[in-house]
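Structure provided below as structure tokens; questions to follow.
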Amino acid sequence: MPRTEIELPYHIDYISVLDENGELDKGLEPDIPDDELLKIHRYMFLGRLFDAQILSLQRQGRIGTFAPTKGQEASQLGAVSIMRDSDWFVPSFREAVAFLWRGATMEGILLAYAGFSEGNKIPEGQNNLPVAVPVGSQTLHAVGIAYGMKYRKKDDLAMVFFGDGATSEGDFHEALNFAGVFQLPVIFVCQNNHWAISVPRKNQTRAQTLAQKALAYGIPGVQVDGNDALAVRVAAQEAEKRARSGEGPTLIECVTYRMSVHTTADDPKRYRTDEEVGEWAKRDPLERFQKYLKTKKLLTDKKIASLEEELKAEIQESVKAAEKKMKELGDPMDMFSHVMADTPPALEAQKEELARDLKDSAREADNG
Amino acid sequence: MAKMTMVQALNLALRQQMEKDDSVVILGEDVGRDGGVFRVTDELLDKFGPERVIDTPLAESGIAGMSIGMAVYGLKPVCEIQFSGFSYFSFHQIESHASRMRWRSQGRFTVPMVLRCPYGGGVRALEHHSESREAFYAHIPGLKMVIPSGPRNARALLASAIQDPDPVIFFEGKALYRAFREEVPEEEETLPLGKSHLAREGKDLTMISYGAMMRPTMEAAEILKEKDGVEAEVIDLMTISPLDDELFTKSVKKTGRAVIVHEAPRSFGAGAEIISRIMEKSFFYLEAPIARVTGYDVVIPLFARENAYLPDAQRITRAARRILSS
Amino acid sequence: MVMGEFTQETDVAVIGGGPGGYAAAFRAADLGLDVILIDDGPRPGGVCLFRGCIPSKAFLHISELLHDTKIAKNMGLTFEKPSIDLDALRKWKNSVVDRLTNGLMKLSERRGVQFIQARARFEDSGTIRLQGSDVTHIKFKHAILASGSRPSTKRGIDFKEGGRVMDSTGALDIPEIPKRLLVVGGGYIALELGSVYASLGSETHVIVRSERLLRGADLDLVRPLQKKLEGLFAGIHFHTEITELKEQNDKVEVTFDGEIEPKSQSFDRVLVAVGREPNTEDLGLENTKVKINKRGFVEADDQQKTADEKIYAIGDVVGGAMLAHKAMKEGKVAAEVIAGKPSEYDVRALPAVVYTDPQVAWTGLTEEKAREDGVEIKVTRFPWKFAGRAITMEAPEGMTKMIIEASSGRLLGMGIVGRDAETLIAEGTLAVEMGALAEDVGLTVHAHPTLSETEGEAAEVFLGSSTHILPKT
Amino acid sequence: MSRSFKLPDLGEGIHEGEIISILVKVGDSVEEGAPIMEVETDKATVEIPSPFTGSIEAIKCEPGDIVHVGDALVIFSGDGAEAEEAPAGKKPEKEAERKPEEAERKPAETEEKKPEAKPEEKKEKVPAKAPEKREGPVPASPATRRLARELGVDLRDIPASGPEGLVTAEDVRSFAEGVKAKEKPAVTEPTEKEAPAEEREVSLALSPTGVAIPELPDFAKWGEVERIPVRSIRKATARQMALAWSQIPHVTSHDSIDVTKLEAFRQKHKAEVEAKGGKLSVTVFALKAAATALRAFPNFNATLDVKAGEIVRKKYYHIGVAAQTGEGLVVPVIRDVDRKSVIELSIELTELVERTRNRKVLIDEMRGGTFTITNVGPLGGGHFNPIINYPEVAIMGMGQARMQAVVINNDEGAHEIAPRLMMPISLTIDHRVLDGADAIAFVNKVKEVLQDPDELLMAMV
């Protein structure tokens, strides 16, 4: 009869370990071995440089549309760095850095962005789903995969990435709900980069945080400083523990910022100010992490400089390899590959039709 | 051999495939405790447990999307969308992911899932419960679209669909669910997907149909024989996509005349594609324009007017007579 | 099912899963027809299995056992007074019913008969509407109506479920062993159930409107039974009727008119068993061409065809002897006719068995009916006091009689009172059906010592060659 | 109790026959196994033995009738045991005692005496029946009653043979047959459109090849004609030949065999064989020679199984010998020719041909052949093209041996013209199984054996 407040099992924490100035909350600092810290740094740095390289290639017309990751390196690496090879990575379309960590090659990424579907080929043994463009739709795939893990009694987990915009999509809610109902080992990593193309985060939801969406589905949610690799890592480790011990999913909201364009076809000046970007630049995840590593005496400016050289050379190698590959690929007939296990007769006929047309076109070009 | 309704035959297919392969799981709304609102999954929960017969929350996209993830992981989900009229919630999962995961991952991942849904009219249902929208799915490359016409082929086709390495949309005619019983052997039977079936031999006319419309079509063929002495050949497509055009184009070469029957609206329906194939392959054999007996391009009426909308043997017979006399 | 109406088509829809219905369904299926069997019970079986023959015989078996322990005293065996656990007894009865009905369910499945639990109602001469099942409509080529019968309520007595005034259905639950029980009716149901209660210890009073018990059976067969029942029951009152009946919390106050004193008495329970009525209502028969005769039964011919060419009717609903085996025979006939066979109901000897102690059974023509119809007959009787086997069983009150056509010596009927009459009557039934002469039965060797000898001897009485009876001079 | 004897199933798809003669008459007492009639079927004329001991009550057929399997031919009265034990005449007496009694019963009386035996109200169901029929239930067993319904006859119309008016199943059957016989003409009356069933049957029997038979012109337009039904052996021959001709691509190879030495040999031993009851004919030698060649070339002793796509080689050598009879061509088979001596074969062949001509050969004796020999020599004739006895794959024909001037190699190896007894031999093969070269090789083997009686003796071992 009386009106009482309902006590919910969860509340929303905000986690920050390393502040903008590189100051550390010692009590929260995760225990990460030095070589792993350096590996995370290497990928952060590689991601940053690779991003710039792709942007440059795109501007030269050498590859097509690309969604840069600049500014979101910590969100991605802080989370994927807890994954095992047997875990499954379910990306959206802005996870190039996480992809590299998970074993994807720069060459493949370049090929894909250059319009060659072969670049999307996921090698056997890598449990990564391909890029998913329809916003939020991939969250459900992680749920299905996690169901398989639970059904097969594995202690693996699925980690799915998506942005703030995706939290408005129905699939996101269905995924959280399903994962909650079936108590599945999924880690939902929301990279709240504040912009869904031109629409700011505040226009996506009236809710104070995105993490609190978890509460509606009876699962834990946490908000972290997404530009703080250590904070992301802490949240991911907690989620991992839950997932592997059968305690179900977790939603992690990484508060970060899309430092660059939505895609190479986008002009952010139409909807946001340079000041805002400047404000976020101060919280650059890479610089912060470098500061931390320097404090830990794992890194020096000199080392950073030489690493930069090394990574750039690596990138150049990849670009060269990719461009070489591009020349080899591109037979239009390949579009008929991977439609179905068997090519039905009518499709076979269409394939022959294309082959004929290609020949005819070539002949006409010769004559013409 | 036991006699079964289509519901029982589908249940048998599911049970046997689940017994054979522990990667086969069932999910959907009310498929577990309730055994499905049409009882297709009756008693499977008791037999296989809640881990394999999953009552999901009420969210079609969730059901389809989760199935895709399961399939990618190596399971063989058979998901049920309670009515095809609600499958549009899950449409984007099917179109954007299920149909193209193989291509997108360049062959690394396949989606061996089956999406079952009841379709079609004739059971005096509410709005959104009677549509026949197979063309939506047939239009998507990478998907198979299968519609059985009776208990025995339903069982065999569902078994094949479950074993198929690609996603299959499996439409079950509600009007057929309990319409009649057929002998269905206990031993596993399969039918190849993408192959049509010669349901009746004839020489004067080719009738092409599928699913629940096979009944009035066969009835019309019988009327034509009895009243007109016309031997109609009837072809049951069974798979809408990929469309097997070999049998019906060959048949039209023999008969020179064709009637196509479906309950879906006429424009851009399966009939349009069938006619195109006939034009491409059998044009010079045609002796009359091809007739389509279909639903009209309207919202399928509520059941008070439904009978006038759905093709029946009389309409089909009349159409056949028209083209026979031209 | 949540949405829509589901019509199933079939060759034969059988309404009613009693012995007549399932026999019809099974036969039709065996003849290659597609068959749906509909009953509102969870399994086939009907009244016979759930609320009639089978449960009552289970209880009668118990009263027979009780009786045997009593007469054993004469043979030098003494048993302690048996203690009766009603719950266990009911449980056993239910297990018997379960075993049999589950067996029927399996037989249905094996034969490809689809059983649907639902209430059926004709919408027209080709369609049945179902209530309570996933299938909502059945379109049939032929229907067999086997809806059966229910205890009669025509004497205006109200039955409340679980009340103190019981019909046979209520009585078969044996809610308790009432101290004083009034049984209304002198037919076989009244006598059988009355015997059960009396054996279990109820002080049982029977009132009968007419002057006799078991109408339809020859009086000489009834007499030994009546004598024995007079010992078992506290009273049998003929020409007696109830004028008022008041059900109260713990008793029933009854006022009588007739040969009983006092005229007002109170009983713990009342069992009313005054016949059965056909189930013809609420079946939508008005939507078909089926005709109902003046007595309320569905009209059907020898091939079980009703006035509606697509609908056949069998069993209690068409009247005649309301016996399961008659219904089964008619069910088979209907199925065969539907399958195009030239079958018809041409039974000449329909056995009737009353499972009292002693049992009464008769088949073919009765003596009373023959006299009524003016048939010239000879009747022979063989009293069991001359049969060794009967003596060893302490059952000397029995008697076997034959009704023989005077001119031809052909056996037209047989009647038996005594132990195991239920089995013995089969020989008479076969003989009548075969058109056997009394001579045929007399010349047939019967094993000694058995009760079946009484049949051979009854025939030999006719031939004048009986061993144990002196020839008439 | 009377019993009817029906044409039994004679096997091999034979379903009809023509009555040639009836060897008994009404009133005769017959022992079980004694011949009662001769029936000519497609395959042969067979004597039908009596299945019962008893006396003939009625004969339901006459010579010339075409009868079908299951047709009642003869009605026997009484069963064996009774007939043997009781002196003749006693039984009829006994029956006579009862019959008047039955006759005395008037219909009205019967009605009263035969009440509805069913104790329930079934009366209203019984429709009114014609007054001349027996009233009330007729005594009959349930199975008999069902039979009557199935045969569409009314029990009340049927004369009862059982005790006290009991109708037996046999009564029902014979009554129904009588009804059917009466109805027959009406039923079989041909309609204008459709050829009478019988006609179709005949044409199908004569031409089993499935090829449409063109309409024949009306021959009477050009003069008088007579139509003779094609029956039995002629019919069977027509069918068998048309079948073989349509199925088998025939190739015939002709040659001549110098049988001069053989003839000398034959003349020398003729008498001694004759003394043993045989006739030492050329056919006997040919049989032996053929068996030798068949063993050497197993594909000749074979059948092509088209459905299975296999050649069926037989490991036994049963050779048919075509024999012309008055009714047509019949091919009795001699078993295991390879294992029998010339003398045995002479005796067996003589006896078999004799029985064949007398139409006494059993159907079984005409089955199971693997190869056929047809020797037209005794009738004259030279080379001819024999048609294979389907489903065999070859047939060997011999013409009349004649003295001819033949160029031979003399003892010095020089050519010379000499008079030799030359026998024409024609071998027809199934070209699906065998080739011309096979035919030559086979004939050469036969020649080898027949030209040299020593060889023949070797072959006999």
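A few remarks follow.
In this document, chain identifiers A, B, C and D correspond to the written order of the chains, with residue numbering beginning at 1 in each.
Definition applied: contacts are C-beta pairs under 8 Å (C-beta built on N, C-alpha and C of every residue); 3 or more make two chains touch, one makes a residue touch a chain.
This is a predicted model, so every value here is computed, not measured.
Using the mean of the Cα atoms as each chain's centre, the chain most removed from subunit A is D. Of the two chain pairs examined here, B-C and C-D, the one linked by more C-beta pairs in contact is C-D.
With centres defined as mean CA coordinates, subunit C is found 52 Å away from subunit B. The mean-CA centres of subunit C and subunit D are about 60 angstrom from one another, to the nearest whole unit.
If you average the Cα atoms of subunit A and of subunit D, the two centres end up 92 Å apart.
Residue positions of subunit D in touch with at least two other chains are not found.
Interfaces, counted as pairs of touching chains, are A-B, B-C, C-D.
Residues 25, 51-52, 54, 56-57, 59, 61-62, 64-75, 77, 92-93, 96-97, 101-110, 141-142, 144, 164-166, 194, 242-246, 277 of subunit B touch subunit A in their complex. By the touch criterion given at the top, residues 2-3, 5, 7, 37-39, 83, 123-126, 129, 174-175, 177-181, 183 of subunit B touch subunit C in their complex. Against subunit B, in their complex, subunit A makes its touches with residues 88, 90, 117-118, 120-124, 129-134, 137-149, 151, 158, 170-171, 174-175, 177-178, 181-182, 337-341, 344-347. Partner subunit B is touched in their complex by these residues of subunit C: 1-10, 34, 109, 112, 114, 134-135. Of all residues in subunit D, only 105, 109, 112-122, 125-127, 137, 139-142, 145-146, 149-150, 152, 162-166 touch subunit C in the complex they form.
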